[in-house]
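Same chain, two partners: chain A is paired with chain B first, then with chain C.
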Partner chain A sequence: MKVIAQTSALQEALALAGSIVVARSPKPVLQCIKLVAEGDTLTLMATDQEVGCRYLLTSVKVEEPGEALIPADRLSGIVREAGSDEALTIETDGETVMVTGAGSRFKLYGYDPAEYPSVGEFSDGADFEIPSAVLGDMITKTVFATAKAHSHYAISGVLWEAEGTALQLVATDGHRLAQARGSLSAPATEAKSAIVPAKLMSMLQRSNRGDERLEIKIAGSQIFVRTMRMTLVSSLVQGNFPKYEDVIPTGSTATATIPTTEFQHRVRQAALLTNEESRGVQLSFAPGVVKISGRGPETGEAEAECAIGYSGDEMQIGFNPAFVIDAMKVIDTDEIALDLSASNKPALIRSGSDFLYVIMPVDLG
Partner chain B sequence: MARINQLSKHLVNKIAAGEVIERPASVLKELVENALDAGATRIDVVIEDGGKALIQITDNGSGISHKDLPLAFAPHATSKLSNEDDLFAIQTMGFRGEALASIASISHASLHTRTAESDEGWEVIATGDSVSDPAPTACAPGTTIAIRDLFFNTPARRKFLKTTNTEFGHLTEQLLRIALPNPQVAFTLRHNGRLTMGLPASDSTRQRISDAFTRDLAEGLIPLVKRSTDTVCVQGLIATPSAARGSGKWQYIFLNGRYIRDRMLSHALREAYRGLVAPTKYPVCFLFVEVDPAEVDVNVHPTKIEVRFRESNHVYGELLATLRETLNRSNLAPEVHTPAHGDEITATGEPQSATDAPKEEQSVRQALADFFKTAPAPPPRLQFSDSPQQAPAPIPPAEFAGGLSGSRERSPFAPAPIPPVPSARDLERDEHVTLSPPPVIDTPVLQIHNSYIVSQTSDGMTIIDQHALHERLLYNEFRRRLASGRLESQAMLIPEPVRVSPDEEALLEEHVELLTQLGFAIEPFGPSTVAIQKYPSLLAERNVEMTAFLREVLDHVAEHDTPTAEQVLEDILAVMSCKAAVKAGAPLSDDEMRDLLYRARECDKASACPHGRPTTIQLSLKELEKNFHRT
Partner chain C sequence: MGLWYNAKMRWILHVDMDEFFVAVERLYDESLAGKCVLIGSKSPRGVVATASYEARAFGCHSAMPMTRALRLCPHAVVVRPTMERYGEWSGKVFDIFTRFTPLVEPLSIDEAFLDVTGSRRLLGEPIEIAREIKRAIRSELGLVASVGIAPNKFLAKIASDLEKPDGLTVIAPDATRQTLDPLAIRKLWGVGPKTAELFERRGIRTVGQLRTMDLDILESFLSPRAAAHFLSLSRGEDDRPLVTDSRAKSIGQEQTFTVDNDDDETLHAVLLDQTLQVARRLRRAGLYAGSVSIKIRSGDFRTFTRSRKLPESTQTTEVLLQKGRELFDAFRREKPFPVRLLGITAESLSDSGGGQMSLFSQTTRGDEKHKRIDSAVDSITERYGDSAIRRARQIDPDEPS
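Right, the complex of A and B next:
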């Protein structure tokens, strides 16, 4: 294999593909990136055996097609230290790889490319398409609510449900649930659903340029996402996602209209004196105002209030402030609606028409 | 000493007849107890071939008068008991009057004895069922009894004897059990011509322990705080949790000067050390329980090793309270003992200069007092702003009473009149608590391997296991929090199902109140499944995986036969604090480390995590100096 590529293009490709490669692996080949030169493209492949990536570089000159398997961190280092307008020549001699820049030469000991696990390829048509900006926004609004450590493995991922012209993402950690909806640019050929691991979600966020059209395909136990530059593939989370429809409350007895930014600020204030053993803040709703208070047994008490619109009986309810703040941070409307039914029942936060957030109360003891 | 009387038939029947001689050690026990009963202050034991060839006891006690000699080997002849009332107020070791007779019947026994008043000694030979007439002989005042060829005429028994070493092990242990509560009596033990144990007379139990075991063990012992009621007095020395052993052999419990085994008292020990030592470890202790003889029946077992208390709950409660109080008042962080160069152990124990030591202690105390007066404001992350900032109560003087050799005081464990006098006890109380200085807070702290905190103390350094210490702090904190109400709990949007056995489900149901108090709501959820509906926020906060949590708790609880609420609570809190505590491997900032150290100062049982593993190791300057050959 012999290929000449622009450093800047390689840098971008390696930043993304390299982030998949696990730094420490008992299998040295898993710390590598695979290069495939073919026609007039160079493909960089990386995988951690759960998530994989094929990154296409077209602004290259392939002098001799072929493959190479090179430790990712070494190649990244070489590319990082090269001048960004420099052209790098990558040439193989068996498993040895020569990288030559304008004023430097490297001889890298690689591995046999045939030993690298295969990275799934996007074949046939997409199930649906969505603008990367829309998906990116939906990911931001849900991925934070996934479970970090949970026996119920399914909820470590985000549930994707595509039907007709809409995609819906749902995430929960068992205490709160976030649901975001977005419009597809090409409708779903059939209803599809899958649980997508958080790692792929963050890869999507990282590669999001905001102006791309994403083709998505769910096939077997994998999901494929394709842009012009690359294909990401990930195995799906196996298991059953909880029946989330059942826990989204209906039939509230009170509704508050709350200014998003101020509310977040007030909840932060009220939480200042809580401690790790008692985090909860108490929200007292009354027409026109919500009082938010928090206390720590050794630290003291804090109280803040926020003007709101309110219809319903006065009500008190406790929340983990972090759960409230998490949602306020991602909500992009000026106001939210908060539906309540009882102090021991879940509360529902609505923002615009495409974001729902269910939050379970805390019993302050 | 009273004359030897033949027991009445009635009394004979009242005493459970039992075979008391099963091995050489049983002979030793009877004979040495006789010697003690005779008021001996020196007892020399000579053993040959694990006691199979010879067991010989020489004492300097009262001797037996010529007139009484014929009765000594007669069954049920004793000088120690003459009517029924006495049986319930037994003060002496022997009282059945059957030991000499039964030993003689299965061996070749010879007895040499002389009373102090008589110029002449007497010899009696007894074998099987024949007893010779006393013959005059020359001997020192006191008695020598030699038992040869034990079980010569009972081959079945003889066959059951173990190896020489094993039998000698039993003999040594038996002698120890008698020697420990009698430090005022000198003992020697010889085996096949070699001196294997020499215990000089002493007025201190600590010294006796030092002579019998090691000086290190003896020095590390903590005296029990004194409390007592009219009928029970518990005294003794206990080892720190870190010195706990893998077997209960090192738990010596004496009742009115007699070694006993008692499940109830052992249980009290286990309870007291619970959470301080691992469940598989046995704390080392030397407990001397004094009970009014009328309150205890020692006649339930032929070798008197088991007893029956009239008020067993009372004795149990007293022992437990005494142990707990002692442990609570002590700084239990284990000290590191590195191999000493220029071994300091000598037979008599070099007396620590009785004047220097307190002075050194004094200056440490002063330094500490000064430190606390000028203590800097605690770091801002402090959790307990209500912890006292002013100088703490003056640290009581270190304990020297009952110290090695040098002590002039009467040993607290020398046989005391019963019941003990309660006066003056309170004055002494503080002297019986060992306190080593707490870590100084503004000194450098260093985290090593992201797991241990090394810090300077006023007399050396400590090494702290960050996880274990934090676990202990949280455990205590949870306990404290519980006392002031229910814990905050997070409701689950999607309840978490956990598979349980019917027993476990019943257990959860039984302790539902406790669980509610802790912030749990766990409800039945289909066949052999429960669902966690709510759980303490602090676990939610730390992403504790609830299924695993509940399983772990249930597994712990299953180790008790019928767990009490307190045991269930302890198990839950222990697992909770373990899950919530900072993990080994987690990097900590200096402030976080100082915060931990600071909180440890205010914390009960800070020396051990709730599972009983130590949290802290102390290394004193002395120890360091020794290792660097600076002394």
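Right, the complex of A and C next:
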């Protein structure tokens, strides 16, 4: 294989593909990136055997088609240290790889490309299409609510439900739940549902240029996402997603209209003196104002208030402040609506017409 | 009570269940009564967890390789341990303890210290309390316990062992010397095989011999701290308070094997047993664990611990067990040596899980059916007490093979 590529293009491809490669693995080949040069393209492939990526570089000159398997961190280092307008020549001699830049030369010991696991390919048509900006926004609004450490439970991933012209994402960690909806650019050929691992979600987020059209295909136990320059593939999370519809409150006894930014700021203030053990803040709702207070047994007490619109009886409810702040960070409307029914019942935050957030309260005793 | 009562004196009970695993299995299978029973795994490296007294007459004892026990007692019935069962019955036993005093320090699944100093006014003298505990365990559960009564933990533990099984022994302060003096040096708390050898090499075989030694002679072969410790134990002195779970910084359970254990099946069973106890103790104390650690010691006394933070504080058996197993399995892959000691500890304890309520009750805790059953059993036990557990057991019968 012999191929000449621009450093900047390689940098972009490696930033994404390299992020899949596991840093430590008993199998050295899994720490590698596979390069395939054919026609007038260079494809970079990476996989951790759950998530995989094929990144296509077209602005390259293939002088000799072929393949190479190179340790990802070494190749990334070489490309990172090269000048961004420099062209790099990558040439194989058996399993050895020569990388030549302007004024630098590297001889890298690689591996046999045939030993690399296959990276799934997007075949046939897409199930639906969505603009990357729309999906990116939906991911931002949901992925934070996934269960972080229950890595093999259904709730470690985000539930995708596509039907007609809409895609809905739902994420929960069992204590709060985020739901975002968006419009498809090409409608779903049939209703599709899948639990997508958080790792793929963050890959999509990181690769989001904001102006691409994403083709999505859910087949068997895998999901494929394709753009002009790359294909991402991931195993789906197996298991049953909890019946989330049942926990989204449908009625309420009180509704508050709250300024998003100030509320976030006030909750932060009230949480300043709480600690891990007493991590709840108490919210006292009354017409015109919500008082937010927090305390730590060894630190003291904090109180903050925020002007709101409010209809309903006065009510007190405790929340984990982090859960509130997480949602305020991703909400892009100036105001939110907060529906309450009781201090031991879930509260519902609404922002615009396509974002819902359910928080289960904290019992502050 | 006699003349030896004094206002500052503590009264500690050590309650030790007799052949606990065997006794529990006999509740389920009457045909085991009076027979030589060995609880343990028949696998090639399996060890005896408990031997019935009938089997002990043939020389079988716990921690003995099963193959050897069966050579000594070929007609013994081997019963696979059902740790869930022992955990349940242990819970019932501990429930009885807490009727008599809130100060309960669990030592293992079938053994605890009870401080009944403050219970005397309400419930009577320690020996009455001890009789009542034994009676309750026998009449309500059909199990037998031996109880030792003494002014401190060390003596209470010595006492419970003196008249086993079905013992009830008081070591009164004026009888301390005559009780301790003839005991073998190994009976002292902290004297393992290696320390015993140090003593025996110098002709010190009994506690009485040790008691009359000068401190500086002991310090010639022991650390000053160990020398002082053993000397005060030989005089029957021990001022350790009870460590009850509600004020604990961590709640753990560990077990030393007399024979290094390399059988993953047995080790997993031990870990399950320990986790059931730890989780139960967390719930009893109203505590939540923020992290879990396991401790493994090799035959050559290298000790390793591995710990992991939990995504959220928990007192649920299944979550602790899963983390514990992950840590254990990862460790075994890394260092597959025979294990001398295994333990699991719940750490970063807090009074509440933060009070955070759940959206989906227990359904997010796991996918597999048995996990849901397990957590349902947990919550039923917590909410409605033990009487409801029986139905749950029928859902998931776990007959010994």
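Heads up, the rule we're going with is that the second predicted complex is superposed on the first by the 363 of 365 C-alpha atoms of A that agree within 3 Å, B and C clash if a C-alpha of one lies under 4 Å from a C-alpha of the other, contacts with A are read in each partner's own complex, and residues count from 1 in each chain.
Assume a residue touches a chain if its C-beta (ideal position, glycine included) is under 8 Å from a C-beta of that chain, and two chains touch if they have at least 3 such contacts.
Computed from a predicted structure; not experimentally measured.
Engineer: Determine, for the superposed arrangement built on chain A, whether chain B and chain C clash or fit.
Structural biologist: clash
Engineer: First (chain B), second (chain C), both or neither: which does A:His175 touch?
Structural biologist: The answer is both, since A:His175 touches chain B and chain C.
Engineer: So in the superposed three-chain picture, is A:Ser183 touching just chain B, just chain C, both, or none of them (first/second/both/neither)?
Structural biologist: Neither chain B nor chain C is touched by A:Ser183.
Engineer: Pick one for A:Ser25: touches chain B only (first), chain C only (second), both, or neither.
Structural biologist: neither
Engineer: So, does A:Thr299 touch the first partner chain B, the second partner chain C, both, or neither?
Structural biologist: first
Engineer: Going by the contact rule set out at the top, does A:Tyr153 touch chain B (first), chain C (second), both, or neither?
Structural biologist: In the superposition, A:Tyr153 touches chain C alone.
Engineer: In the overlaid three-chain picture, which partner chain does A:Pro346 touch, first (chain B) or second (chain C), both, or neither?
Structural biologist: both
Engineer: Check the residue A:Val358 against both partner chains and state whether it touches chain B (first), chain C (second), both, or neither.
Structural biologist: So A:Val358 meets both chain B and chain C here.
Engineer: May I ask you to decide whether A:Asn240 touches chain B, chain C, both, or neither, giving the answer as first, second, both or neither?
Structural biologist: Second partner only, chain C.
Engineer: Is A:Ser84 in contact with chain B, with chain C, with both, or with neither (first, second, both, neither)?
Structural biologist: A:Ser84: touches no partner chain.
Engineer: Given the superposition on chain A, at which of 366-374, 546-554 or 618-626 does chain B overlap chain C?
Structural biologist: Looking at 366-374, 546-554 or 618-626, the stretch of chain B that collides with chain C is 546-554.
Engineer: So which bits of chain A does chain B touch that chain C touches too?
Structural biologist: 148-150, 155, 172, 174-177, 242, 247, 276-280, 318, 320, 344, 346, 358, 360-365
Engineer: Write out the stretch or stretches of chain A touching chain B in their complex.
Structural biologist: 148-152, 155, 172, 174-177, 242, 247, 275-280, 297-299, 318, 320, 344, 346, 358-365
Engineer: Note which residues of chain B are touching chain A in the complex, please.
Structural biologist: The contact residues of chain B facing chain A are 383-386, 477-478, 481, 484-494, 496, 519, 534, 537-538, 540-541, 543-548.
Engineer: Of all residues in chain A, which touch chain C in the complex?
Structural biologist: Residue list for chain A touching chain C: 147-150, 153-155, 172-177, 239-240, 242-243, 247, 276-280, 318, 320, 344, 346, 358, 360-365.
Engineer: Considering only the defined contacts, which chain C positions touch chain A in the complex?
Structural biologist: 290, 309-312, 350-352, 354-360, 363-367
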